[in-house]
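In this document, chain identifiers A, B, C, D, E and F correspond to the written order of the chains, with residue numbering beginning at 1 in each.
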Amino acid sequence: MLKATGSTFIGCASDFADASLVLFGAPFDGTVSFRPGTRFAPAQIRLESVGLETYSPYFDADLTDFALCDLGDLELPFGTTARALQLIQEQARQIFQNKKKLIMIGGEHLVSLPAVTEAKRLYEDLVVLHFDAHTDLRTEYLGEPLSHATVMRRIWEVVGDGRIWQFGIRSGTREEFHWAKAGHTFLQLHDFTGLEAAIAGIGRRPVYLTIDLDVLDPSVLPGTGTPEAGGVSFLDLMTALQAVSNLNIIGGDLVELAPHYDPSGVSTAVASKVLRELIFTVSL
Amino acid sequence: MLKATGSTFIGCASDFADASLVLFGAPFDGTVSFRPGTRFAPAQIRLESVGLETYSPYFDADLTDFALCDLGDLELPFGTTARALQLIQEQARQIFQNKKKLIMIGGEHLVSLPAVTEAKRLYEDLVVLHFDAHTDLRTEYLGEPLSHATVMRRIWEVVGDGRIWQFGIRSGTREEFHWAKAGHTFLQLHDFTGLEAAIAGIGRRPVYLTIDLDVLDPSVLPGTGTPEAGGVSFLDLMTALQAVSNLNIIGGDLVELAPHYDPSGVSTAVASKVLRELIFTVSL
Amino acid sequence: MLKATGSTFIGCASDFADASLVLFGAPFDGTVSFRPGTRFAPAQIRLESVGLETYSPYFDADLTDFALCDLGDLELPFGTTARALQLIQEQARQIFQNKKKLIMIGGEHLVSLPAVTEAKRLYEDLVVLHFDAHTDLRTEYLGEPLSHATVMRRIWEVVGDGRIWQFGIRSGTREEFHWAKAGHTFLQLHDFTGLEAAIAGIGRRPVYLTIDLDVLDPSVLPGTGTPEAGGVSFLDLMTALQAVSNLNIIGGDLVELAPHYDPSGVSTAVASKVLRELIFTVSL
Amino acid sequence: MLKATGSTFIGCASDFADASLVLFGAPFDGTVSFRPGTRFAPAQIRLESVGLETYSPYFDADLTDFALCDLGDLELPFGTTARALQLIQEQARQIFQNKKKLIMIGGEHLVSLPAVTEAKRLYEDLVVLHFDAHTDLRTEYLGEPLSHATVMRRIWEVVGDGRIWQFGIRSGTREEFHWAKAGHTFLQLHDFTGLEAAIAGIGRRPVYLTIDLDVLDPSVLPGTGTPEAGGVSFLDLMTALQAVSNLNIIGGDLVELAPHYDPSGVSTAVASKVLRELIFTVSL
Amino acid sequence: MLKATGSTFIGCASDFADASLVLFGAPFDGTVSFRPGTRFAPAQIRLESVGLETYSPYFDADLTDFALCDLGDLELPFGTTARALQLIQEQARQIFQNKKKLIMIGGEHLVSLPAVTEAKRLYEDLVVLHFDAHTDLRTEYLGEPLSHATVMRRIWEVVGDGRIWQFGIRSGTREEFHWAKAGHTFLQLHDFTGLEAAIAGIGRRPVYLTIDLDVLDPSVLPGTGTPEAGGVSFLDLMTALQAVSNLNIIGGDLVELAPHYDPSGVSTAVASKVLRELIFTVSL
Amino acid sequence: MLKATGSTFIGCASDFADASLVLFGAPFDGTVSFRPGTRFAPAQIRLESVGLETYSPYFDADLTDFALCDLGDLELPFGTTARALQLIQEQARQIFQNKKKLIMIGGEHLVSLPAVTEAKRLYEDLVVLHFDAHTDLRTEYLGEPLSHATVMRRIWEVVGDGRIWQFGIRSGTREEFHWAKAGHTFLQLHDFTGLEAAIAGIGRRPVYLTIDLDVLDPSVLPGTGTPEAGGVSFLDLMTALQAVSNLNIIGGDLVELAPHYDPSGVSTAVASKVLRELIFTVSL
């Protein structure tokens, strides 16, 4: 009868065994150099989800139509990036090996690396869809190879050339843009132009979908570590999710919400709704 | 010579007897379950109006061209919804019976119910225009029939089938959407598509116009109780107001500003300007 | 292995059956006329408790020494005060009838009324200790008999003359102060002077201890609905709790934290620590 | 029946003609070099006063026992300090010439200069009591003789040696401290030590009491332009006001609240209560 | 090896002698009547620039390709507008006389007047491009001829009829709009319609480009003194900058960022990026 | 003539070669598990120092009496704690080897470890004075030996038994308190009781003074990662600094200011003043 507010994301109270899709939080932001705080995202998203409907007019579907499980948050150390990534990878393994779909709530973007690495072990032909404001393609950042600013380069090392599609990109170094254009990834400046072609190109291959929330314009979601003006609108993102929902998505994540940088609370409300729609995108 | 800043909305210093249009505040938010605080809206809107021009480039009109009266705020009890609604209805009666137009500043959306109920007493053929993110069509909410989430259902009980036009809607339960589509109201998802047809259908019938400010995108107005991503822009709303300004509008309201949830103050600035434009919409 | 951050208060993960003391949240603030938001307190206190130690240097005791259960929050309606109070009273009954101690996290101060009412049913000789900035002794407030501003008057009707001790009081109407001084309650202005005499007077009678967090100075805890300058310090409150911990306390509550009014987060951190110490006060 | 929230300070609704004491706001902060915003203080204090009782347990008196008038705010220009000071002086003249007591709500501290200048015209033997964190005794600041940082030096030029008592001082240049100690003013570091001697020395001479709210510790009132750690507590200030209330105070002011710098709202709540107590101090 | 964070804008560490373009801050907001605080803008923009890339995907150019100097901030007095303007003009003279391009970071909009005045001394045929939400064409404001609300009228007195192009305008008095339309300036409501025609009309004449950041929609940049709903998007502004970058721009400014009014920090991030792009616009 | 606001701490513009005392920033918070953000402290302290006087009434001394150098901030990586500590140690070496005194601005408390380690190399007989709310004596924290929660245990390994004096402590695990009391450190609960005895015991031995700003009560300084109620006042800390200023202090630090967690800005103002007084404490 009683329940702790925010102990699971709305509509995600199934047991692990019964669930077709499993959520968990990876509250890690240890490599963020600028504005930290994505570690608070999973807990705040769950609290805010209390104000959401379970019904989506975008997908005409309801969370109660599915068996969804929210495991809560991993307890991750700070100061040793490698150990945190290892714990995330073990969690991903448990989910994928039980033939369930995975949605991870970051944390900074680096948390995608162990999840993709694990997905690649099970899904040999894996491709990655990447919605972000930043290229994240550096070879290192401030001397570090493991960083939120290098994560897509590390993921490229896992999945290889021509298997990453990047949309909404509008910030990076000259070197990153040139490297991408040299054929290593598909990189779309600003928006979702070319998404239909990407969908056609991907076909039925298994897809991991990673959404850095700063792909949204800062007017929509100011609460993120490195807000970049000139992003996509919420409806642009909804349209993109509807488009990709027919792909064979085996998992995904939502990263880089930094709730404390938006005292109005709107960023968390937006992230919470994107998560609801991401669940439909992956489940349908 | 001296005056208390914010004692009336800008340009609204006429006496009640002289005024053609009368403003008042209904600072009630007693049924709000999620983020309260719309009770602070009328006072903050008046303070913020000091920074506004009286001239609107949208209507090419000036508030000083009209005789406008701002009565201040009703003193409303908390904890007993019915008593608060009764006090609002008495205030509305006094305005309508003196053949004046009415604009009410909420407060939560439930305050529209007594104003519409009273309008219906005088204007038998009343129709309602409703700009909002939410359907507000539930039969009850958390066991309560009188709630911000049920207000349009209660208003439908007052005005009847086919007399409510809803625009900008993007959140609600599956049941609400289905009920509306069954012919009880006209419901437009997301935006103002179909507004011209609505205007034609309404003709010269008397109109009550209720604007829930969350119809605006949260990037435009984050300071509201349940922000819903994917809303209309400020210019969309201005265009809609210009379009409906030729209708026979007898009164309206502006509800659901929660100023404390926007520490940048922009939400109150936007609400203040929408109120200025609403005055022109109703007066012209 | 995984857990949702903030799903229980730190160190309170025992089952109801095993627990000697049971916590629950009563997130109700429906009668608050000024600054609402205490409804958010229980969830934020649980989240913040992650940053606390389980060990108290004040009591030289550890939460892990006790069997403590946190049931989560009651789901309470808004707009009908009486129904919310009834649900709280039922919850209190379940705890007291199982011979367990009770700690309730408000919510506004009115939530104390049903808990005391229920305690009185089991503990005929009940007395009440009240730490607060406000007298809360009005007969009605804005026409309402059930209000945060009348709660101690209502409680007096339950327990009778000479059974309420009020400390830290520094705000109220002239009538309230005179009524208290006429012998109905013991009322101590500003601080805890006279607490030792009160302890002696109470003896082994069962005690309900209600702490309105605004008894603390606003410099210590700004996040409350009606902050009153000139309050007690945190160490004053710790000393008082140590002093009363030898009484026969059967239950208590912590009310009036409004987390959103303190963007620094310190108020919630303080409240969280007071709750930890209150658990020791009641348990020892 | 209706009234605009915050159109007067609580309990100050008498007409000018009937009032024994007259309040007005001087929302000027044009010489502030660091953190501006005291211009917003009068309006916010009036709004916040809605949450206050009219009864003071410190003075055992009620605002309703007096005839008090709040004129609202002067409309002051920015960019030309001299013109703003002239308008304030004219307002002070109107009040003093009608044999009424004056309380001015700043604005920055420089607004005290025209009020004291005018008071000196009527009360030849005028002395000044000054509660502040800062000496404000510079001859000029950034090249300007008229500044919040020079105001007490300018006032000294009006009233002369040995007629200014300064309490709570804890910041200034080496030159200012030495100049004061050379006998020009009585300067008390940190607190109110020596206040009884000052009261004895002042005797029945007419007193102007100027309170810079930064005399309070920033923990009590963070919302001010130049917060200085190590200030007095609220109860220290109350005790000082009680002590000086027997003097022949003919007017005073409350300056340097910058409401936007305290998002918790506590600073305005404290300032509002200090104003209530200042009214008793001047009236009794 | 060590450096103070934010001591120059990113990529602007050349010496004055070597630089082709010179930045400096004019932290003055002394005539602002509503929400002050633009004085903090230059320092916050420099701090925030640490999070920026030096590479612009909009211009496909890198700040490291140019010799750029950031002189820091002028030390300006408050309370005497004329003296502050004189100091700014002297600084502008030093830059223009050394045949360097100038970019000034305000401060309020009035700081443009001395820069344009000085530019006109060297560039006889000067024209002014003005991106803003407000007309700024009043003859005086609250009795003052020198004000942020009159700056374009004063600039018109310097450059004459037909030499000012205003874009994005959406607020002003009826008189200002009528005066502009009488042929004194080119005034474009809301957006950049007509910019191509303006570029053609300007030809190779020297251009001063003044950007009031409130030309952006408040959803993009809430941190400004008088936010006006209905503004242009960030990409609209980027497109406009790209379009005018082929003009003969000899200097420009970026004014009216008020960082404290945007606690999310996004406004400063946006302003910082606009400044980066403005540097390319002026340099290329 | 021009200078970037905040490029050095006020009054610290000497060259390294000339200076007797050298400041630098260590903006690292990579091991903080709860509320990060101390990385922003050095830059904000410098900016805020613009509002400070160079004169201290506590020491009757002026910063201009000394030759002080502020080197700015180290550029430190995130994600690899060991590398950051190494860079700090190299910086400390450069200062100590040039026979200058050192003051470091954190950053989290772990930054003290390399500075003490380096000091110990030059000053064999080194002792450590530690003002803090937390014991920081854990052997590891979340599996990590290098953490803000273990820093004093690591420092104990450097300096040995009986060479650490801890004051103001009020939070830790039961194990930490027992370990300290077993004779490893001198640990004073809550306040500075016993400081005179410590001074006597230290004698002329070289002292490193580390101040974790959370030793102050959260009412004085809310902007820190783990605020602990019940701390010392600002004047308590000033008195302690005056008392220890006669010791042979060879260096010290100021850590754990998290500016973003105090939107009022008071925490940074307090930290800035403590730094000024710390400079006198070390220099005199």
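Just so we're on the same page, contacts are C-beta pairs under 8 Å (C-beta built on N, C-alpha and C of every residue); 3 or more make two chains touch, one makes a residue touch a chain.
For each chain, UniProt lists the protein as follows: A, B, C, D, E, F = Agmatinase.
Everything numeric here is computed off the predicted structure, so don't read it as measured data.
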| item | value |
| --- | --- |
| Both-way neighbours, i.e. chains that touch chain C and touch chain B | A, D |
| Each chain counted as touching chain B and chain E at once | A, D |
| Taking each chain's C-alpha mean as its centre, the one farthest from chain E | C |
| Most distant chain from chain B, judged by the mean position of its C-alpha atoms | F |
| Interface residue overlap between copies chain B and chain D, same or different (over half shared) | same |
| Length of the line joining the C-alpha centres of chain A and chain F, rounded to whole Å | 39 |
| Whole-Å gap between the CA centroids of chain C and chain F | 38 |
| Shared-contact residues (touching 2 or more other chains) in chain C | 75, 217, 219, 263-264 |
| Touch-based graph of the chains, sorted into line, ring, star, complete or other | other |
| Chains touching one another, given as label pairs in label order | A-B, A-C, A-E, A-F, B-C, B-D, B-E, C-D, C-F, D-E, D-F, E-F |
| Touch list for chain F against partner chain E, complex | 2-8, 24-25, 27, 42-43, 46-47, 70-75, 91, 263 |
| In the complex, chain E residues that touch chain B | 34-35, 170-174, 177, 189-190, 217-219, 222-223, 226-230, 261-264 |
| Touching residues on chain B, where the partner in the complex is chain E | 50-51, 53, 55, 57, 62, 217, 219-220, 233-235, 238, 263-266, 269-270, 273-274 |
| Contact set on chain E toward chain D in their complex | 29-33, 36-37, 39, 75, 77-81, 83, 142-144, 146-147, 260, 263 |
